[in-house]
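Paired with chain B in one complex and with chain C in the other, chain A is shared by the two complexes that follow.
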Partner chain A sequence: MRFLLRRLGFYLVAAWASITLAFFIPRLMPGDPASAMFARFRGRLSPEAIVALRRAFGFSEAPLWKQYAQYLAHAARGDLGISISYYPATVGSVIGQALIWTVLLSGVAVLISFVLGTALGMLGAWKRGGWLDSYLPPVLTLLGAFPYFWLAMAALFIFGFGLGWSPLRQAYDDRLVPSLSWAFLASVVQHAVLPGATIVIATAGGWMLSMRSTMINVLSQDYVLFAHAKGLSSRRIMLQYAARNALLPNVAGFGMALGFVLSGSLLTEIVFSYPGQGYLLFRAVKSLDYPLIQGLFLTTTLAVLGANWLVDVVALWLDPRSRS
Partner chain B sequence: MPRLGGFRFGAWPSAATLTLVGALGSTPVAIPGCGGAHPSPSPGVLEIAEGAKTSAFTRNFNPLLEVGDMRWPARGSMYEPLLIWNPMSGQFVPWLAESYAFSPDHLRLTFKLRHGVRWSDGRPFTAADVAFTFELLRTHPALDVLGVGEYLRATHATADDQAVFEFARPFVPGLDDISAYPIVPGHIWKDIVDPLTFANPNPVATGPFTEVTSFQPQAYRIERNPHYWGGPPAIAALHVRAYPANDQSILAIVNGEVDWACDFIPAVERIHVGRDPLHHHYWFPAMDATVALYANTTEAPFGDARVRKALSMTIDRPRLVMVAMHNYTHPSDATGLSDAHERYRDPAAVAAGRDWVSYDPAGAERLFDAAGLARGSDGWRRRPDGARWSPTIVVPVGFSDWVVASQVIARGLRAAGVDVTMRTLDYNAWNDSVQKGEFELSMGWTLYSNTPYTFYRGLMSRQSVKPVGVDASDNWHRLAIPEADRMLTQLEETVGVEDQMRLYHDLEMVFAQQAPAIPLFPGPLWGEYNDKRFTGFPDQKNPYAPLSPNLFPQALLVLTRLLPR
Partner chain C sequence: MTALGQLLANRKALVGLCILALFGGLALIGPLLVGDPSDFVAVPLLPPSAAHWFGTTGQGQDVFAQTVAGARGTLAVAFLVGLTVLLLGALVGTVAGYFGGWIDEGLGLLVNLFLLIPGLPLAVVIAAYLPAGPGTITLVLVVTGWAWTARVIRASALSLRQADFVSAAMVSGESHLRVILFEILPNMLPLLASSFIAAVTYAIGAEVGLEFLGLGDLERVSWGTNLYWASNDVALPSGSWWTFVPTGVAIALVGFALALLNNGLDQFGNPQLDPERAFLRATGRKRLQLSAATPVLRKSQSHG
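Moving on to the complex of A and B:
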């Protein structure tokens, strides 16, 4: 318990550091959001309007430390301000709308990829030299080595545009009203399959390889030999003795991967026009939407830290050594 | 650790999206049916692609919040202006107002309003609404994006059908802006506490389509205004889907999912028309603002008109228009005017400046030499002090047409002995440097309005010149020409069409003599349509309005003319 609390304290410090970075990094980018926004109007905005708009949109000329203090105070209250590129929607509502789709698509895809890759790695190592072990890793590594956007574009072109099996964009059929009906859920699944599949294909190889190599290492340990000697069933040795111990590095990696789900889906969402966080971040950076960038950093940070904390808990359960 | 990073970093997505569109064009026939997964539109419902690219819509129908994330119908189909300027005919189309007149001293502008106009909640539209709208702009300068507050003193409703605008000083061009503002209902908006954050989710307006019957982040549907003054529109409803990027909306147009759109499409004949020559059409008239090369006159030697003209003579414009603009437009002449201002063009000014907008490398050499920028022994031109003259041309990264055009310009300049380098900058960095006047050469837009007044004011007036380091939305090259200022001031007090025309011709002549900016080509207005389900779109044969749906309030002219098949 003390271990978990200590970790929690560490996470608080990390959260503060990243919230601070989220404030300063956008401000180091060239240009300022007001002129970026007004440039869209190609000079049609009157100078008086520009001055008034700067004030209205909260483009403050106050010293940076004052803005920072205000930002911290607002963030502590959960008030992330009003988005510039989606004005007058609040950052909270914009992110809220996108978050669910990212969690759904990338979260599920990363989970499937992790379970599938780890299971394949485990089986591959158990039956070393078998067909699974000989053919799958090179194939998956090859697919994973393609630039992801290329893989996604090719999938979209072949299965979406060419064969018409998959929709070309969005998260559900826009003729349907979001509800818990079968038709709507089916549409969500239909829209998520192709982008999800590309994530799984691109990442499963990594999980498989790392699981396989750790597993091979564990299998050569004396206690596995001892378990064999005791006459335990191979199923039990594989799962309880070898896999459980080999799982640790993958679980740590999974925590990281889960955290990166929020930011990592950028290319998937752009290629498949999926209305999630990644696309939002891309657009926010392009339009120098400081409040939205900060909000996205904040949610991503909290997600990464939260996922890591969960990993700590799981590692504690998997590895008794860490409990002392 | 397993590699999840693989799909977080990679080539920039715009490169990827271009590939998709390119691939699409190169295999026009081999693609089997595109039905199945792609939703087909409902009968009688016009499918529109908004100009704004987004993955999720914000429900903002506040017509005065164009600066925010405003939905297209707010000004495309809901809130109407007093008059609609039709660039095709060069005339105002009476809309909420039937006529207008200036007082002899130009200090009063009176609009006679249309009778029988009602808001979509059934209440009558009156001059009080007009007065309310302009009072709102006065009390909230942030909403007054066109800056009418600068010359407008007050607005009164002198009768139910008569609105009077009192000017603080004579400013005839103000008519263009006053008549273009969307009018909002006073009886509803008087209770809005902060119109700047008011998203107006359930609009009450005078336009043909006002009823939001469905709004999802991915798509929305607008139905007819039951009280429309022009009679019930022939179209049942408008349906707008969110397209996160251009390539997605182009795909939708090509697939026949969209009836009306405004995207730039490369090789449009092959990619778009080729898919269904009977129904897929486009019209790209060169009627948008002129694109120019700006030479910052605060940086020597660009203050010298001879140098600017010589620069211009090194540019092979026909080639530039071909490789950068797919021949969708044509080279500019020495007035710099867009095709939308054809009727203002003075043949004398065109002739006076013909030599410096024509590709003439030998003439450029002579002019550079005369301006004291002779070639050194290594062939590169030198400044009078002997240092090599090596200006930089900046261009925003991702503007592929401008990048190509800047390359053509740079090639011409280098052939003339100017050691020019091209630098691509992030859009925001580029925007920052041109606005602050901290650049040497850059392509850029010019201003566009009903008349060439704004165009020339932004290029030659003292009033538009800002010091270096201060953001300037126009006159990036920072040049003031006193005689142009005099003509512009005269125009502000001139109502007579012939007198105006004479002054415009004078301004054109000044432009042709001084070359304040180097005009390259008039920008095309992008517009595509599919007449499988609807007829009556404007095009070259029937140019009753511009085609582009992204043009407010001209889209109203088209929406009220379309007929379902």
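Moving on to the complex of A and C:
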């Protein structure tokens, strides 16, 4: 429990640091990006809206610390300003609609990739020199060398445009109204399979290789030898003696790699015009929608921090040593 | 055998080095051979032919010329980022690992923060405010990429710090700077090399990703902007696979070569890593019986 609280404290510091980064980055830039940013609003927003936006970002005549306090207060309330490209929607509501799709697509894909890669790594190390161990790692390493979004382009080209097996864009058929009906859910799944599969293929190799190497390490431990000598079934030795111990460093690595993997899957969304955070980021960059870019940075970071805390909980559950 | 000879005897490292040398040469002299890659030379979206080996883009530029010229644009930035990340990571890592105490605590917190914050959104936040171009991309990639290197090097510096020869050097009155530069860093050479390779790999991927997002200088030819144009023109719906396949394959080949080289370096710098293969090679056997234990079973039990 104390461990979890300490980690929670660290994530709170991290959250504060990223919010602060988002505040200082525009102010550290050469020239006057704040004015440039607000110049873009002119003619598109009413003067009152610009004043409100300036206040939300803390850009005012007040001294820096006052601006900072103002900004923190707004950020704490979840007020991230107004989006330029989706005017008059607030950044919060625009991101809110997109976040669910990213959590759905990337969350599920990353979990599948981790479970699949770890299982493959476990089996590969267990049967060293077998076909799984000899052929799969080089293939996955080669696939992992392609940028995620390039694999997505290739997959979309072959299975979407070429064979017509997969829908080409969006998260669901736009003739359907979002509801909890079978038709709608089926359409969502249909649209998510191809982007999800490219994320899994691009990332599973990494999990497989790291699981394989820790597993090989664990297999040479004396307690595994002893388990063999006791005559335990190999299934039990593999799963409960070797894999469980080999899993620990991998779970810790999972949290570390989450931000990196998420960055890749955001780019995958762009290829499929999947209406999540990544696609939003693309639109925001195109129209230089600074409030939206900052909001996306903050929500993505907070999501990664939250996921890391969950990873800590899982690691604690896996490792009795850290519980005492 | 010299160190280089030993490294070249490793087949993986050799293949990796050859591919890298090919692309390095392409980056150095390639742009001189293919002419201006931005020229409009033919009808848009021509399939590969004798005149245009890789076909033409949606704007009628030669894809082969763009792929070759893109090597320079991309690899130059990646190399620069790799070097800067290595220097910064080595500085932070050795200082934190060597001095320990509150310096280590503070730097460690900073490193962990940057490891946690997802790189792409942070990179976009910074890059969006700066003029598009290779300078911005380099800066952004260094900011988002240094922490991993620093973490790895810190761990190594921490363990070297406890080594006897380092204590001896400190007792004999060597300055901190000298101990770090002449005792600790030279003993990390394999780690520094693999960190550099990892940083370059990261830089290529992230650079291509940022440019694909549209944050690069779109007038400049590089692998990332090639893919940006390929996806924004009508390449996919019109079936023009040649607009994005050559660039992607080039990126993957370089990434794969870097992975091979890293793997080879690993085996070379750490022979313990694969003792079984060394054993098999020395004894000429094909397989190693992993479980050397004989199960002790009662008659009623069966081995499963």
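Operating definition for what follows: the second predicted complex is superposed on the first by the 269 of 324 C-alpha atoms of A that agree within 3 Å, B and C clash if a C-alpha of one lies under 4 Å from a C-alpha of the other, contacts with A are read in each partner's own complex, and residues count from 1 in each chain.
Criterion: contacts are C-beta pairs under 8 Å (C-beta built on N, C-alpha and C of every residue); 3 or more make two chains touch, one makes a residue touch a chain.
Owing to the predicted nature of the structure, the values given are computational and were not obtained by experimental measurement.
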| item | value |
| --- | --- |
| Partner chain(s) touched by A:Gly78 [first = chain B, second = chain C, both, neither] | neither |
| First (chain B), second (chain C), both or neither touched by A:Arg235 | second |
| Partner chain(s) touched by A:Gly253 [first = chain B, second = chain C, both, neither] | first |
| Partner chain in contact with A:Pro63 - chain B first, chain C second, else both or neither | neither |
| Partner chain(s) touched by A:Arg128 [first = chain B, second = chain C, both, neither] | second |
| Which superposed partner A:Leu296 touches (first chain B, second chain C, both, neither) | second |
| Dominant contact partner of chain A by residue count, chain C or chain B | B |
| First, second, both or neither for A:Gly9, with chain B first and chain C second | neither |
| Partner chain(s) touched by A:Phe157 [first = chain B, second = chain C, both, neither] | both |
| Touched partner set for A:Lys286, first chain B, second chain C, both or neither | both |
| On chain A, positions contacted by chain B and by chain C | 29-30, 144-145, 147, 149-150, 153, 156-157, 160-162, 256, 260, 263-264, 266-267, 270-271, 282, 286, 288 |
| Sites on chain A touched by chain C in the complex | 10-11, 13-14, 17-18, 21-22, 25-26, 29-30, 33, 128-129, 141-142, 144-147, 149-150, 153-154, 156-157, 160-162, 219, 225-226, 228-231, 233-235, 256, 258-260, 262-264, 266-267, 270-271, 281-282, 285-286, 288, 290, 293-294, 296-297, 300-301, 304-305, 308 |
| Complex interface listing, chain A residues touching chain B | 29-32, 35-39, 41-53, 55-56, 82-83, 85-89, 94, 97-98, 110, 117, 144-145, 147-150, 152-153, 156-157, 160-175, 177-178, 190, 199, 202-203, 206-207, 209-210, 249-250, 252-253, 256-257, 260, 263-264, 266-271, 273-276, 279-280, 282-283, 286, 288 |
| Contact set on chain C toward chain A in their complex | 109, 112-113, 115-122, 124-126, 128-130, 205-206, 208-209, 212-215, 227, 230-231, 236-237, 239, 241, 244-245, 248, 251-256, 259, 276, 287-288, 290-297, 301, 303-304 |
| In the complex, chain B residues that touch chain A | 1-8, 10-11, 13, 16-17, 19-20, 23-24, 31-39, 54-56, 58, 60, 62, 65, 67-69, 140-147, 149-150, 196-199, 214, 216-219, 241-245, 248, 251, 289, 425-429, 431-432, 435, 445, 447-448, 458, 471, 473-474 |
